[in-house]
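First chain written, first letter: the chains are A, B, C and D, and each begins at residue 1.
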Amino acid sequence: MAQPQQSDGAGTGKPPLRVGMVGYAFMGAAHSQGWRTAGRVFDLPMSPELAVVCGRDAIGVRAAADRHGWADTETDWRALVERDDVDLVDICTPGDSHAEIAVAALAAGKHVLCEKPLANTVAEAEAMADAAEQAWHQGRLAMVGFNYRRVPATALARRMVTEDRIGTLRHVRVTYLQDWLVDPAFPLTWRLRREQAGSGSLGDLGAHIVDLAQYLAGERLAGVSALTETFVRQRPLPTAPAGGLATVDATGTGQVTVDDAALFTGRFASGALASFEATRYATGRKNALRIELNGERGSLAFDLERLNELSYHDGTEPRAHAGFRRILVTEPDHPYLDAWWPPGHGLGYEHTFVHQARDLVHAVAEGRTPEPSFADGLQVQRVLAAVEESAEKNSVYTLITA
Amino acid sequence: MAQPQQSDGAGTGKPPLRVGMVGYAFMGAAHSQGWRTAGRVFDLPMSPELAVVCGRDAIGVRAAADRHGWADTETDWRALVERDDVDLVDICTPGDSHAEIAVAALAAGKHVLCEKPLANTVAEAEAMADAAEQAWHQGRLAMVGFNYRRVPATALARRMVTEDRIGTLRHVRVTYLQDWLVDPAFPLTWRLRREQAGSGSLGDLGAHIVDLAQYLAGERLAGVSALTETFVRQRPLPTAPAGGLATVDATGTGQVTVDDAALFTGRFASGALASFEATRYATGRKNALRIELNGERGSLAFDLERLNELSYHDGTEPRAHAGFRRILVTEPDHPYLDAWWPPGHGLGYEHTFVHQARDLVHAVAEGRTPEPSFADGLQVQRVLAAVEESAEKNSVYTLITA
Amino acid sequence: MAQPQQSDGAGTGKPPLRVGMVGYAFMGAAHSQGWRTAGRVFDLPMSPELAVVCGRDAIGVRAAADRHGWADTETDWRALVERDDVDLVDICTPGDSHAEIAVAALAAGKHVLCEKPLANTVAEAEAMADAAEQAWHQGRLAMVGFNYRRVPATALARRMVTEDRIGTLRHVRVTYLQDWLVDPAFPLTWRLRREQAGSGSLGDLGAHIVDLAQYLAGERLAGVSALTETFVRQRPLPTAPAGGLATVDATGTGQVTVDDAALFTGRFASGALASFEATRYATGRKNALRIELNGERGSLAFDLERLNELSYHDGTEPRAHAGFRRILVTEPDHPYLDAWWPPGHGLGYEHTFVHQARDLVHAVAEGRTPEPSFADGLQVQRVLAAVEESAEKNSVYTLITA
Amino acid sequence: MAQPQQSDGAGTGKPPLRVGMVGYAFMGAAHSQGWRTAGRVFDLPMSPELAVVCGRDAIGVRAAADRHGWADTETDWRALVERDDVDLVDICTPGDSHAEIAVAALAAGKHVLCEKPLANTVAEAEAMADAAEQAWHQGRLAMVGFNYRRVPATALARRMVTEDRIGTLRHVRVTYLQDWLVDPAFPLTWRLRREQAGSGSLGDLGAHIVDLAQYLAGERLAGVSALTETFVRQRPLPTAPAGGLATVDATGTGQVTVDDAALFTGRFASGALASFEATRYATGRKNALRIELNGERGSLAFDLERLNELSYHDGTEPRAHAGFRRILVTEPDHPYLDAWWPPGHGLGYEHTFVHQARDLVHAVAEGRTPEPSFADGLQVQRVLAAVEESAEKNSVYTLITA
């Protein structure tokens, strides 16, 4: 067994926080980078250790451990959640296994970080939120990985909303545009099958923008009206087949069972209007999570493709000099930035995971509920369920149950 | 009576096209500029003459005639449409009078240009389209003033769609964002009263984006699902009261009877998805008509606040060099541009009216139906009616009647 | 003779300002549009009349008169400047004829508007400034056509500088980038011959940016250091040869005798630094006149390719919310904008000529020296001469003579 | 002694590359991140180990070692360069100590990575290049840390230039604009003293842009003409005084002995023109390293404040569809990107150091000369010396000695 990689140096006298991570694909790599770096950049109250990584394939998980710096491996998540030398379970698997792992980990006395969306169904998410509620009384914390709250620019936007810089909210418009499904020859991966992914662009992209919109607005959606569409319904099977692809037809293709795109409008509790679009068919848009909030006193806008910038219009300025300003969010008094580089030296995507790790370590050390909580993740799930219900019921406006 | 201002010099031997314009406010000024300039810039087959302008206030209309270069005035539109020395009636009044004037003018044997939206109701628009249909058989033409088709960048976008540069259409997203109602102290003008304006942001801004979306897509919407909202329901009365403000309460305020904002999603006949937002509450957005089309082969995007630019992504490029390109639409081989300035010397808003005049003069001279026709205007009206119906019926998806 | 086109309606009781224009190519068309439109949009104290246009080719000038709305024509500028029915001579010819025409016109008691650069040599410019000085005592005004001072955004920038919004000036950087000479097959027009054009990119583009930089800075350059280059030294002769092309070699090409590009740095009187680049070889840049001023309290930036925008950074803002803001210069309290369209409805290139006409009419009516004066034009000429001298003398820093 | 942090896991069977780093301030933190991360993201042929960090203050260096993950510490760089367990010396100190450390390290048989600028004088840089030349014959490598070559977008730009996508080069224009000295109350740090920093904006920012311009152009500058300026000549002393501040006057201020800003123009060997500006007084510009290359076939532009983007104009496109395109440099076939995140998920500033570590590890493992070499660094130094000489000699054009 190799030495555990510690985000903060041994011998610093800080208590360790031993992480066990389940899954090691895209999200696993990003989370590893977060755990490995957080203590190197931020002065943390505990020292994260990359203790164990878990995956079903023994050879694959060993290689991932070596690559990403995890000290030990497991091939059964049940074994991982029972280990005494793990304090926190970090769940980076597809959505269909989130509930089972998270509930077991909380029951085993671990803190839990779970990737978004929290679950594939409201029922699963409710079970998880219940488990988190009980674990809280045992001093265990649970957090869902809506990492886009932790871009410095979105965190600054939230701070500016709480400072009342935009006033009474009138509009929120959000899109999350990608284009990796435009080619009909793109294969049928697990993300295109309902049994594993739960939904398509809705759960993958829509979950992010629902959370971010509500986080920035500081309030919840009351109801939605939705259209969803699957543009390409049959796709070639991947060379290395994803698990559980039951519906394979004779031509070597399989059925897409999730949405390709989801459009919905909604009302916030306050009466503000919102529009949402999640799609994987916006040719040329690679990761265009764009959000704009218009309030009576000002507006804020953000684009994930330019993540070091926040656009702000101060509506109280004399109109002769007013305009949307581009705040380069790299100043030491911007969120998270005092620990990084001088002004103008931007951050990247993965830094959201460093910040997520930082914030969770602080929450654990201080016994505070981390945000977004499983209850927050459940509420997003309810919005997604209302979207699906509306889409099935001819777009009729559908209230979000509390 | 002053000499008529001619867009093309007298003595050129070109047949005149004598214009009579009804209304002389914002749109009247813009149309005057269009008629006055078209023949100076373009080599037209007929010579437009600014013959008569009509307004109810004799002093006001005389001042407008002097300012804008109209040779004569009338104070009753009925007199104007009957004049022998008028070939074309240009209607720049609020929407509640469009139908009556247009039908009378066509009946009197005039060509008609009518500002958008075509009418305040589907019934009115149907009457107008019927009248246009009959007049067509008499050799009289009718056109509706969706001037944003005539920005060189949008015309280029349309040309590129017809050249199949974006392929099978997947998404159209359009917003038209303004902010002039953000201040609750802004007075209750005629645009905020249903009886004159027909609707609020929907008819004013929404009509533009419905037309532009369908024009660029080259197909029609099949159905819509909508939310509308009036954020500020009481506003102070204007100092000089607009006509017909019946509902004035004791506090010196009156009721806003139109929508402040309208959000709707829809499906095109082909199955492509569309989203629309029209609002006057987007703080800091002055005239942000933004439209993006995503197709299987490429994407196009336009923003009216940067009207000399068209953004284009060629999805068939190798991805290592692909990206949205900013086409500066000022080249001689761009629509309308061979008559203007050298590359890089941009045009402005009013040029759309010059181009509209140019195109209409050509249509008249050549006996072709101008686009957009009254039938096109009627169809937009039907979309707006479906939006209102959906908004009233809990956002249920509402088909657009043919 | 056709009726003169009047920028303000006949019968308004306003005194006329009868314009005689020499030259009718690109600049002539732009100036015509300016004279024709100014009184339609602005409430002017005099009424400009397009009285006479002059060109050497009788047929060509007649066609231009018809197209642009000039009442009468001349084929000899000497006849034009002597006409009693001309109050103001507008010179739109190449630079080699500016001095002779302007001096004669002023001597004949006319006001003069002269296109930039004022002249091809300092000596010519001095003669012109002297003539203007003498004419001033006779109540005649002279103005040079640096029209880019009259973009609303640059005028706003100047206003903000005078309001001390950028504080002590440190840097001015300006480029004027075009690309129409990139192709070596582009023919040898008059603009590429020293005897007519005086210089190449330096006089054409460099004159604009020197004037604009000094205008916005509110101070003059003290000295410069320069490099110039002619990348392509032989070019094919144009099909219709420009006049005076003496040096034609046997291969059907002729020699380029002006600079293709000019780079220079300089110091303002206050010690601020400046850099300038003028070129016709910046592939893809069509009309990129870009200027940025950095001062101790703020910065301003402008790009002619987006002429309705001004970028402003307020350095006194808390750094957490500071950023370059994009002012959409379309508000009624922006320069020239109260007469145009609602916010967000942008202007174009030609509007600078409308504003130039407006300002000159006011100056004439009020007997004020218009800006930029011939003295200003002479000083720009001296800067250009210093640039050429420095370029010839191994870039040595060269003071600008007073 | 703590366990060394390894960028690649122990037990992977890869040979180690044991790094000893001198200096642990801003650059030390960035380099640590680079060494720590390179083997986690890229599949490297050797395994970098963070073996020893060196600084004069024992407590400070120990804290830095713990924070950044270095196994051991030294307080004398002479001890570090003699250690048997160090394979590569990474020099992150101010420029005045580069030569002595680098020469000693190479003499001691170490590979060397040295921060830019290579040295404070040409003489020092020559000594270093000589030492590197000799060490090369012993199998030891030396590299200078011009990290901006390793932004994926600049690396892509270089690749596109080598693919002849821009053709014959005409222009290069580069600025590096910061604003941290705008406030006259900013203290007199070591960067403002010639004896430590060598020069001001010239060595700090100018060195970067000279290297990047020559790297992208693929050719060297032949000569330059320069202006430099020190706007604020006296500044308050820092609270914790920087070393060697001899010239302190009675008022508690000290003299700035370096340039605040440097402007220079130049010619490339091929005849292309270049302009450069380096300043710390561009209010609102935080890290605006902007470079544009114009060639006969195309143009490329980059801005470090938007480091995930490259702007490209293909001059061979039909002009109707041509325009600068924004390439989002996040595709797997872009340089360095196959190891990172999916398209659209951008990188940040520090990734340049990860890439630098990656490339140097490959060079060491494969015995190749890394780029940029000390000879490259020397040549940049010669350009900077020519700039200073020109600035002293009244801007006269100054050839760069070979």
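As a convention for this text, a residue touches a chain if its C-beta (ideal position, glycine included) is under 8 Å from a C-beta of that chain, and two chains touch if they have at least 3 such contacts.
Because the structure is a prediction, the values reported are computed rather than measured.
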Chains contacting each of chain A and chain D, listed by label: B, C
Target chain D, source chain B, minimum contact steps: 1
Chain A and chain C, separation of their C-alpha mean positions in angstrom: 55
Chain A and chain B: spacing of chain centres that average the CA atoms, whole Å: 43
Distance between chain centroids, defined by C-alpha means - chain B, chain C (Å): 35
Residues of chain D engaged with two or more neighbouring chains: 285, 322-324, 328
For the chain D and chain C complex, residues of the former touching the latter: 166, 170-171, 173, 175, 177, 179, 182, 225-227, 229, 231, 261, 263-267, 271, 273, 275, 277, 279, 281-285, 292, 294-299, 313, 315, 322-324, 390, 394-397
List of chain A residues in touch with chain C within their complex: 156, 160, 165, 310, 312-314, 319-328, 331, 333-334
Chain A residues within the chain D interface of the complex: 2-3, 5, 8-12, 26, 30, 32-33, 36-37, 40, 65-69, 178, 180, 285-288, 304-308, 328, 330, 341-351
